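Look for subunit A in each of the two complexes below; its partner is subunit B in the first and subunit C in the second.
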Partner chain A sequence: MATQNTRTLARLMMAPSVVVLLIWMAVPLAMTLYYSFQNYNLLTPQNVSFAGFFNYQYFYTDPAFFQSIWNTLLLVLGVLAITVIGGTAIALLIDQPIFGQGIVRILVISPFFVMPPVAALIWKNMIMHPGYGVFADIAKFFGVQPIDWFAQYPLFSVIIIVAWQWLPFATLILLTALQSLDSEQREAAEMDGANFFNRFIYLTIPHLSRAVTVVILIQTIFLLGIYAEILVTTNGGPGYASTNLTFLIYRTARLGYDVGGGAAGGIIAVVLANIVAIFLMRAVGKNLDK
Partner chain B sequence: MARSVTTGAKIGWSIAAWVVALLIFFPILYAVITSLKTEQEAIAGFSLIPSGTFENYITVQTQRDYFKPFMNSVILSVGSTILALIIAIPSAWAMAFAPTKRTKDILMWMLSTKMMPSVAVLLPIFIIFRTFGLLDSRVGLTIMLTLINLPIVVWMLYTYFREIPGEILEAARMDGASLWKEIVYVLTPMAIPGIASTLLLNIILAWNEAFWTIQLTTTNAAPLTAFIASFSSPQGLFWAKLSAASTMAIAPILILGWFSQKQLVRGLTFGAVK
Partner chain C sequence: MGSITLKNVQKHFGEAKVIPSVDLEIKDGEFVVFVGPSGSGKSTLLRLIAGLEDLTGGTITIDGKDVTDAAPAARGLAMVFQSYALYPHMTVRKNIAFPLKMAKMEQAAIDKKVEAAANVLNLTDYLERRPSQLSGGQRQRVAIGRAIVREPSAFLFDEPLSNLDAALRGTMRLEISDLHNQLKTTMIYVTHDQIEAMTMADKIVVLNRGNIEQVGSPMELYLTPRNLFVAGFIGSPRMNLLTGDYAKAKGATTAGIRPEHLTLSKESGTWKGRVTVAEHLGADTFLHLDVEGIGQMTARASGEFGAHHGDTVYLTPDETRLHRFDDKGLAIKA
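For the complex of A and B:
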């Protein structure tokens, strides 16, 4: 159907975004790769020399590296678990015939629109603060010693905050998927004597699998890069207890002024992100091509 | 068709749903309430009833010049979204109406650029920005936000444009419409809702972006994300003021978000869930 002319025109129309993204991908990444083989510290910019694999070795042998990888995994998986399970439960609840469904929906999705520094500071100061937070007030009411969340369970606290931000996203998508479930199919199952539990296992879960896949894909992209929530709450600490890979590279690069080390960390992050991406794309491709 | 539900069951479900919804919304509500308290009240233990002072809002403006980061947020989010739309509309258009074998690969590649960790290119970007004097400038940050949201903008527009039936163009052509008339009278009206949703969603995403906005600004171009993050190391008691600043920072986008919740699902799942 398309003539040679329209094909040329189509290519021209696509050129700007493709070229812009290509440059955006290639140039900084090539620079990162180059710096990762250099001894380059912003505090002593006159002493730049070839470093071989020293930066990688340095980054790789740093005990903080493995801790940060582990923290990244816990953060992503923890948030995914809470949001997918919690999101399904809440979506099922809202999908029931209830009064004021529209308002309930609005209340539930609101945290998604709260910018990360605000979300983190509200939780840090007003909810989880060991002296004046709401959790501390509740603990005092029951005569229990309040928990110092960010000192005792730093990573878990960050997981809670991030899960609060992403729970609405999972809920909203799962709710949309639930509402597209054919009501006739559901009624037929009811008439055939399937109880709530059976309907959930054999009808709802298979129907939701596509939406769950999408939730996992999109959230993983964003969760690997969690930064601001850590910056304003624990600043990665105590020690490296709540430092994820993103935050470790930021620490090395911006606080340590170590361009070479930060770049090596960056390349490692890119490799890891690609492994996750290939894995995810394959799973998603399978699920989306239906 | 409607399932028969007893009133008792409906009341039961409603109570459960409202309790859950209010618990989830509570941190936001409590920040708004705290913003209306005095600093002494703010740390005086749990209370849902503020004295109703607006002093914090005034103090945030007079002492910290709140209007400046607010305007930066508006300029950066709207500016970067419009710039991204200008670049993305032609390509999404081409992909939707003149798809080739490679269109799907290009779309997947664009999405994959979103998977590149921002932090991996932090230093090169920092050094480039420093070299060209773009650090802490609105121009630099607008470019940055345009780049990181461009793949999503292209994807969203593509999923909307794809739903415009191609036959309608042929019909218009048969009726003797010129290409120009075709674009102005047939295509544009059908494309506007999709473009509007994309615009709205990307303003939200750009407004809340909190990596590059914090890394690349200090004072002049700092939007609300960086402004609020600067409150993380407090001097003295400041919770009521922080709450006032927070409330103002999230209110506009929260309201935009409420209006765009339907498009949000479509947009952020790239049309996979509708």
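For the complex of A and C:
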């Protein structure tokens, strides 16, 4: 494709960014690996020594460990389900020509601009609060006992908040995919006798598969590391009900002052992320090659 | 059966009256070509018949049944689109079977029909491929296959050959004509290419700015164009349209003479012209000339005519083939 000359030049020009990225990635990973094998507690910083696999054993035997992994997966799956299904529905709706389309689209996208702790606090104090939240007001209007969201359904509450934040992203990607659907194909299907439902099943969904894959892959990367929303709402509780792996690492490293244990948890999180990535690429990655 | 009648059909897009009013009668089994320049409303008219656009006014009847407000699928028509509009994620087999599947036909019957259609269109070896693995001509045939399995009362073609290269276009033209001879189904074909119109049509409808300029067989349009627009549009190269003294002498505002009705000579003739461009095609020679007292003209000589840029050539019109038009642009009957 390119001549030897331009290939060499291209490599030369790319080299600085590749080197910087490599350092950026490799150094923290190496440091985490190193600390995960050290006894290093910030309460006794003078007693640093080699720990072998003790940190891993310690993290693994944490009573919250398996629940946190389970919660991490539930959080990712729950948010993905809501954003992909909801995003498709909203994208279909705002793809219709309506009055004030531009403003509606900006409003739909706007949750993405709200930073996570702010969004979580608004949901916690203004929407889901059992005393003066919007949901409580609605419940009271119908004469029903208001739900104490963060006490009764802590993980589900976090899922709702995070899904609300990621819905615009999914909507945006799916909307652009919808708009790239060839209108002649839709008309052909219409002439072929396909009603709206059939057109959606046989034409729209296959067309959206690549965009859905992109949404799933990108969101999963970020959803595995959800932390701020949990910190400001449930703080991982009640018990460990809304503690995910990231939050467990935070608890170990920062609340327990245990750098070694936290680092070991970090490495476990990296392994989990890679397992999820391999699984995902097997399941949906082939859609990207089409 | 597939007779289609358009009565006072109108289509406005906001202020723009794309089709002011059209009346048209299409008989069962006819091959009708809508031809006209870009923006003449020919595609819009086809889409109105297909039901892909709503009418602003008027009625459309198919086989005596009013379908003005009927859904596209309910009209029993099949359409072949310019982009072919194949479903990219389905194999050729599934593409062709799609309308039958939507009609809830039994799988065994679907398979049989698809095989039959594939056989007619030479697609049997490609049934398990996807559209992206096919050439342009093959995609075109798949689109036609998807149309014929429905056994529609009429086929609608929307500039189906415009994405193909010249050689393939010639072949597909023959195949579509052949298909029409086999099926004897009504076909409506939209094109801006007058060669397609002349070679394929039983009846040509010439459209200009949403109005029908003339309806007739290819030869009718060639021999007796009703007005200046049709005269200039049908025939290649274009008819020479002369105004001024020569036309006045013939009792017309504009006189038209086709390039093939001019006799070329190097010695003598009615008009004297200088060759600006000579196109030598072997079978024909097209000369673009600067004629004294008249201006630009085009002449066609059968076979090779040895003239080049800058040569002087004499022209003599065959006055029995002269077309005369009045000041409104309408043809003057002889």
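The definition used in the following text is that the second predicted complex is superposed on the first by the 274 of 290 C-alpha atoms of A that agree within 3 Å, B and C clash if a C-alpha of one lies under 4 Å from a C-alpha of the other, contacts with A are read in each partner's own complex, and residues count from 1 in each chain.
Just so we're on the same page, a contact is a pair of C-beta atoms (placed from the backbone, for glycine too) under 8 Å apart; a residue touches a chain by one contact, two chains touch by 3 or more.
Fair warning: this is a prediction, and the values are worked out from it, not measured in the lab.
In this overlay on subunit A, subunit B fits alongside subunit C without clashing. Of the two partner chains, neither subunit B nor subunit C is touched by A:P146. Touching more residues of subunit A than its counterpart among subunit B and subunit C is B.
Contacts of A:V270 after superposition: subunit B is touched, whereas subunit C is not reached.
Contacts of A:E187 after superposition: both subunit B and subunit C are touched. Once the two complexes are laid over each other on the shared chain, residue contacts for A:Y202 go to subunit C alone; subunit B is not touched. Of the two partner chains placed by superposition, A:G256 touches none, neither subunit B nor subunit C. Taking all C-alpha atoms of subunit B against all those of subunit C in the superposed arrangement, the shortest distance found is 5 Å.
On subunit A, the surface touched by subunit B in one complex and the surface touched by subunit C in the other have residues 187 in common. Listing the residues of subunit B that touch subunit A in their complex gives 1, 3, 5, 9-11, 13-14, 16-18, 20-22, 24-25, 27-28, 30-31, 34, 42-43, 45-46, 87-88, 90-91, 93-95, 97-98, 100, 106, 108, 110, 112-128, 147, 150-151, 154, 204, 207-208, 210-211, 214-215, 224-225, 228-229, 231-232, 239, 242-243, 246, 249-250, 253-254, 256-258, 261, 264-265, 268-269, 272-274.
Within the complex, the subunit A residues that touch subunit C are 182, 184-185, 187-194, 198, 202-203, 206-207, 209, 290.
Here subunit A touches subunit B in the complex through residues 2, 6-7, 9-11, 13-18, 20-21, 24-25, 27-29, 31-32, 35, 90, 93-94, 96-101, 103-119, 121-127, 131-132, 134, 137-138, 164, 167-169, 172-173, 176-177, 180, 183, 187, 210-211, 214, 218, 221, 224-225, 227-228, 231-233, 245-246, 249-250, 253-254, 259, 262-263, 266-267, 269-270, 273-274, 276-277, 281, 288, going by the rule given at the top. By the touch rule above, subunit C contacts subunit A in their complex via residues 50-52, 71-73, 77-79, 81-83, 85-90, 98-99, 102-103, 146, 150.
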